[in-house]
Amino acid sequence: MLNTIWLIPVFPLIGFMINGLFGRRLTRYGSGVLGCLTVFASFILSLLAMLFLGEGPHRFTLAEWIVAGRFTVSFGFLLDHLSAVMAVTVSGVAFLIHVYSTGYMAQDERFSRYFAYLNLFVFFMLVLVLADNFLLLYMGWEGVGLCSYLLIGFWFQKDSAANAGKKAFIVNRIGDFGFALGIMLIFWKFGSVYFPEVFAAAPEMFVPGDTLVTAICLLLFLGATGKSAQIPLYVWLPDAMEGPTPVSALIHAATMVTAGVYMVARCSVLFALSPTALLVVAIIGAATALFAATMATVQNDIKRVLAYSTISQLGYMFLACGVAAFSAAIFHLMTHAFFKALLFLGAGSVIHALHHEQDLRHMGGLRKYLPATFLTFGVATLAISGFPGLAGFVSKDEILWSSFASPLGGVAFWVVGVLTAGLTAFYMFRLFFLAFYGKSRFSEETATKVHESPMSMTGPLVILGILSFVGGWIGWPKVLGGGNSFEHYLAPVFAAAEELLPHGVNHAHSTEFLLMGLSVGIALLGFIWAYRWYLRGSTAPENLKNKFPAVYRLVQNKYYIDEFYHLVIVRPIVGGSRWLWKYFDELVIDGSVNGLAAFVRQLGQAGAQPQNGYFRGYAATFALGSVAVLAWLIYVLS
Amino acid sequence: MIPLSHYLLVSAVLFGLGTVGVLISRNLITILMSVELMLNAANLALISFARWHADPGAHVFVFIIFVVAAAEAAVGLSLVIAIFRRKNTVDVDELNILKG
Amino acid sequence: MDFAVFWIAAGVAGAAAINLIFQSKPINSVLSLVVVLFALAVLYLQLSAEFIAALQIIIYAGAIMVLFLFVVMLLNLNQDQFGSNRKPGLRSFGVLIGGTLIIEISLIARAFVSSSPTDGQVVAAEFGSVAQVGRLLFGEYLLPFELTSILLLIAVAGALVLAGKREEAQPPEERS
Amino acid sequence: MNLTMFSPQLLLALGGTLLLLYEAFGRENKRTLQPVCTILVLLAAGVLLWLSDGQVGLLFSGMVIFDRFFIFFATLVLLGSVLAVAVAAGSLAEQRAYHGEFYALVLFSVLGMLLLISAANLVIVFLGMEIMSIPLYIMAALRRSSSRSVEAGAKYFLMGAFASGFLLYGIALVYGATGSLRLEEIAAAWADGAGLSFVGISGMLLILIGLAFKIAAVPFHMWEPDAYEGAPTAVTAFFAAGPKVAAFAVLLRLIIWTFSISDPIIWRFVWMLAVLSMTVGNFLAITQSSVKRMLAYSGIAHAGYALIGLVIGGQAAVGLIGFYLLGYFIAAVGAFAVISALEGKQEESLSFDNCAGQGKTNPALALALALFMVSLAGIPPVAGFVAKFYIFEQAIQHGFIWLVIIAAVNSIVSVYYYLRAPVYCFMKIPESETPPAPVSLGLIFTLVFAAVALVVIGVCPELFIKLADSSAMWFL
């Protein structure tokens, strides 16, 4: 049974080929069904593989790819608990999004092309998670990047879409460069690119803290920051929202962007050997989480809020990796895939209903019009905000606890994490209230046309809603009476890394309870803040500013602390994050990316100067080259 | 007996002058002749080395180079004619559509 | 005596070469090249390469240069075309590069002589004679000799393609 | 002397001559029969080549060699020429560049390449170089009615003649240092210490410069973009297929075998050439607006990557470079074939703007172009990736980390411009409607062959690597 794991990625590949080659001959119906069925087949196979996996990792080599001397690379697949979880999550979420897409893209004229790209993406993603060597992983890595690029620019008629595709491409190249270099170094040092061999040899080859292993890890992590949109390479993700919304859900929220987390977790042994690299990962993760969350609070585009939110949540996952809580990272990766896909799909449903209106300021009161979307979106919002009992709560709490209790963690990480949690609750409920509550702020004419989406779209929403609710229960923490079976399930994968790491002291259950309570409380504060600001008090923060003469009256108010918080902390943060977004993001980072591209072009143009079309110039270059070589020779020999 | 170095010196001078000719003249035909000059410089070097090594093999090589020079000249001059027909000039600086 | 002949021939060759590259009239350049070829033929004789010296005059000066002369006459080129718009910068640059090249190759050649143990070898009287070179040509060097015929064939085809009198428009499609 | 070992060359010479006669005196069906005959002759030469596999020897009193090295590289050349001729059959007349002599010139040029690959004597090196190059100059100017084509021919010719002056002078100096023109004897003299002499090394450097010109290594590359852009595109495909392979082969034979360098001077020289070629080629390719010219610069960059093999040196270099060239030239010929079809009758070379919307009008061509670009960019899993990877991997094993880092940076930069072509094809709205491109039988053959070959080599490269490695079993 397990020897059929290679079929898991092959099914979507078949779908891609048929849709790509004969897409026009198939009807829309045919393309859609084909796209969904192939991914569904992968999902079933992944589930079966997970069931049959049992204890140990299973390797299967389909064929040799490159054999050169002692060096070999094969089309080899590795099924262990980690890749099983990833494969099931990826294929499952992908299947739901394929189904959703049949509804969302129904009007698009390039329907079959869309499904071909989507299938190709799933193929590469599954290759990425199932590969048993760095090179095959790299192939998947490049492949998903290519599909992401194609799908961001899917509506290339829009200039912004084409530019966004370009930006994603350039930024990712920088990350991929680091990744490629890291793989080269690994190969140079270990003489192999197979995961089992490399990870088995690593502890003997390096003492913890070795410079080379730190360099390797940092290079790999550079790759991860590109793909998973972390500081400083996160800038492409918000722009990537130019693509169709299901694409944002699948690629830019649930699966591809988490590839960096998966890769770091996969290389846990290497990272465990380098405390420095782990620290860098943790700091970057924590910083990104907080930074992106503040920026999410000031966006007005519904998808951009979610995009910054994704960056922030990915930051959480890296924070977990950085404090060596790899299973917590993967756990959050999985639950995040459920609720973030749901959020995006819900947003898509809203956008679909409002005929491609994405601005929150033109929404409101959608509760009445889109009941199913409203309900599921609410579940997802609660989940991501960390409402006790829901998926997001469990996984996020696991991360927060690890960041506090792990010997590699610290109070600072925990504080940042909790602050982020508060901000998350704030911006998510802001979004939720602005979109679904209050008076509708769209035109009368639109109001008559607003309608709930078809079954093909609401169906996946409901399923994902259920998953966002119960998905976390498999990792229910011990302190709340659960067994945290998820962590146990993944334990064999990370056992080798665990051995290399220092063991932490046992904290009292009371501490854990206290921290949990605190984080829930802060999330609650965020919720209240959003509630006050966007639902009860006023519909927009601008109004609040007008009330400045009445500050005294508000101070007397029993919400004094709340308002103080607004004035002293929130307003600077909001202002600061708006400033950061405007200047830092657009000027510095965008500027440097664009500047780099311009610099390269100018370099090329300057270099083309001698190629001015005049033969005598060509001959002069040739002769100059020869003269220089001979002069050098004479210099060396005499 | 004249030392080998003298011949080589002449050969070097002719080769350098050929290069100069290629670099500075604008007339296609003069450039072709400068290339001929370079080939002749190589011929002289070969012949003098042949004398030095007492090996007549290089003489045959020089004969073959004559034929190569003839073929090059024929093709080069045909190109000159083709260019003259299109552009009514043999100025090499007029050939600058392709660049960049 | 030898030295006198050598220096005169070498001087003539050098002067004619300089004249060749700095002349603005192509016809003068052609004639200068012919002078160079003759001067080189003298040097070849000194180096006991009789056969090559003869060929130099018959083939090179006699046939190839006539080809040049023919084209110059055919196109009826005059120097006015290049009178204006000279680029002095490139000119002195070219001379500089060429000059450096001369010095470099001379240095290399000098090193060769100073590092060689003997001062040339004594050769038999028949060295470089028609008979000896001829035997080589049809013996050891048969293959390259035969291949030169291909080269000439290519040149003929090339001349036909490039300079042949064909209508500029393509001939109409053939009946099939 | 066993003439069967020389029969491929004989066949090519004979075929070329007969085709020339046919062009002069033939009447009927010339345009169909000429390419067919040419391809048949090329294929037959390939068969003859492999019939004598296993034999080894010097022929014509030590003028040419027959060995496995020759068989392998000659096969590459013949294969590339077949693909290019198939493209030419359909497109030359379309581009008003039809001259019946073209096919004879192709055969003669291939003969020159085979001579180069099998050369055992510097006379043959020089003569082969000329027999290969002179037809190329003529072909570049084949579209006589176009100023661009004529200009390309003239520049290529002038630069080529200039470079062959350097090559010849280098040969003269090496002859002076070693007293022989035969590679065997030169190798022996070299081992005895002639290689240490000033004249010997400078002669070899000049020869290397002459060959660096042919493979278009920076700074001896400037002819290439102009020649590639101006020539009729089918001819450009031929340029990409044959001459570089042959020039690399003779470079290998000279450097690795004859001069058997471990000499630090030459080694550093090749190192510099490699770095300069990769970097300059890539950065100039970025700024191009013509696809054809971009590919010309990319050819320069690829020559740089292949030169890494030479830096590694030793017999391993033979297999590395052979395999790399195999991956390169198939993709390049394929890409030029697509360009040739998309250009149709237009005189200017294909620009990126011309590509806009081709994904819709000519989906098959655009897809094929995308595949070739992916291969050239070295993205898995096609041949280009494996070839690049293999060469980088060997370089790392031999400790050339810096060279590989430079090459890796370059190949990452290169993805940007390679993918521009497919991006324009599939993601840009054309300003005006593009007509469907004319597609000939030969074009289909070339495209299908190239695409399949790239994928097959990419997925199971082992067989081909072994084949390339076996070519290091050369005559010693």
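In order of appearance the chains are A, B, C and D, and numbering begins at 1 in each one.
Operating definition for what follows: contacts are C-beta pairs under 8 Å (C-beta built on N, C-alpha and C of every residue); 3 or more make two chains touch, one makes a residue touch a chain.
A quick note: this is a predicted structure, and the numbers were derived from the prediction, not measured.
Distances from each chain's CA mean to the overall CA mean are smallest for chain D.
Interface comparison, B-C versus A-D: the higher count of C-beta contacts falls to B-C.
The distance from the centre of subunit B to the centre of subunit C, each centre being the mean of the chain's C-alpha atoms, comes to 5 Å.
Mean C-alpha position of subunit A lies 44 Å from that of subunit D. With centres set at the average Cα position, the gap from subunit A to subunit B is 65 Å. The distance from the centre of subunit A to the centre of subunit C, each centre being the mean of the chain's C-alpha atoms, comes to 70 Å.
Each of the following residues of subunit B touches two or more other chains: 15, 18-19, 22-24, 26, 32, 52-53, 57, 60-61, 64, 68, 71, 75, 79-80, 82, 92-93, 95-100. Multi-chain contact residues of subunit C (touching two or more other chains): 90, 93-94, 97-98, 101, 105, 108-109, 111-112, 140-141, 144, 148, 151, 154-155, 158, 161-162.
Listed for subunit A are residues 608, 611, 613, 615-617, 619-620, 623-624, 626, 630, each touching two or more other chains. Contacts between chains leave no pair untouched here, as each chain touches all the others. The touching residues of subunit A, when paired with subunit C in their complex, are 616-617, 620, 623-624, 626-627, 630-631, 634, 638. Subunit C meets subunit B in the complex at residues 2-3, 6, 10, 13-14, 17-18, 20-21, 23-24, 26, 29-30, 33, 36-37, 40, 43-44, 46-49, 51-52, 55-56, 59-60, 63-64, 67-68, 71-72, 74-75, 77, 81-82, 85-86, 90-91, 93-95, 97-99, 101-102, 105-106, 109-110, 112-113, 116, 119-123, 127-128, 132-133, 136-137, 140-141, 144-145, 148, 151-152, 154-156, 158-159, 161-163. Residues 90, 93-94, 97-98, 100-101, 104-105, 107-108, 111 of subunit C are the ones touching subunit A in the complex.
Listed in rising order, the residues of subunit A touching subunit D in the complex are 63-68, 71, 135, 138-139, 142-143, 146, 150, 153, 156-157, 162, 165, 169-170, 173, 176-177, 180-181, 184, 187-188, 600-601, 603-605, 607-608, 610-611, 613, 615, 617-619, 621-622, 624-626, 629-630, 633, 636-637. Within the complex formed with subunit B, the subunit D residues making contact are 122-123, 126-127, 130, 134, 137-138, 141, 144, 147-148, 150-155, 157-158, 161-162, 164-166, 168-169, 171-173, 175-176, 179-181, 225-226, 229-230, 287-288, 293.
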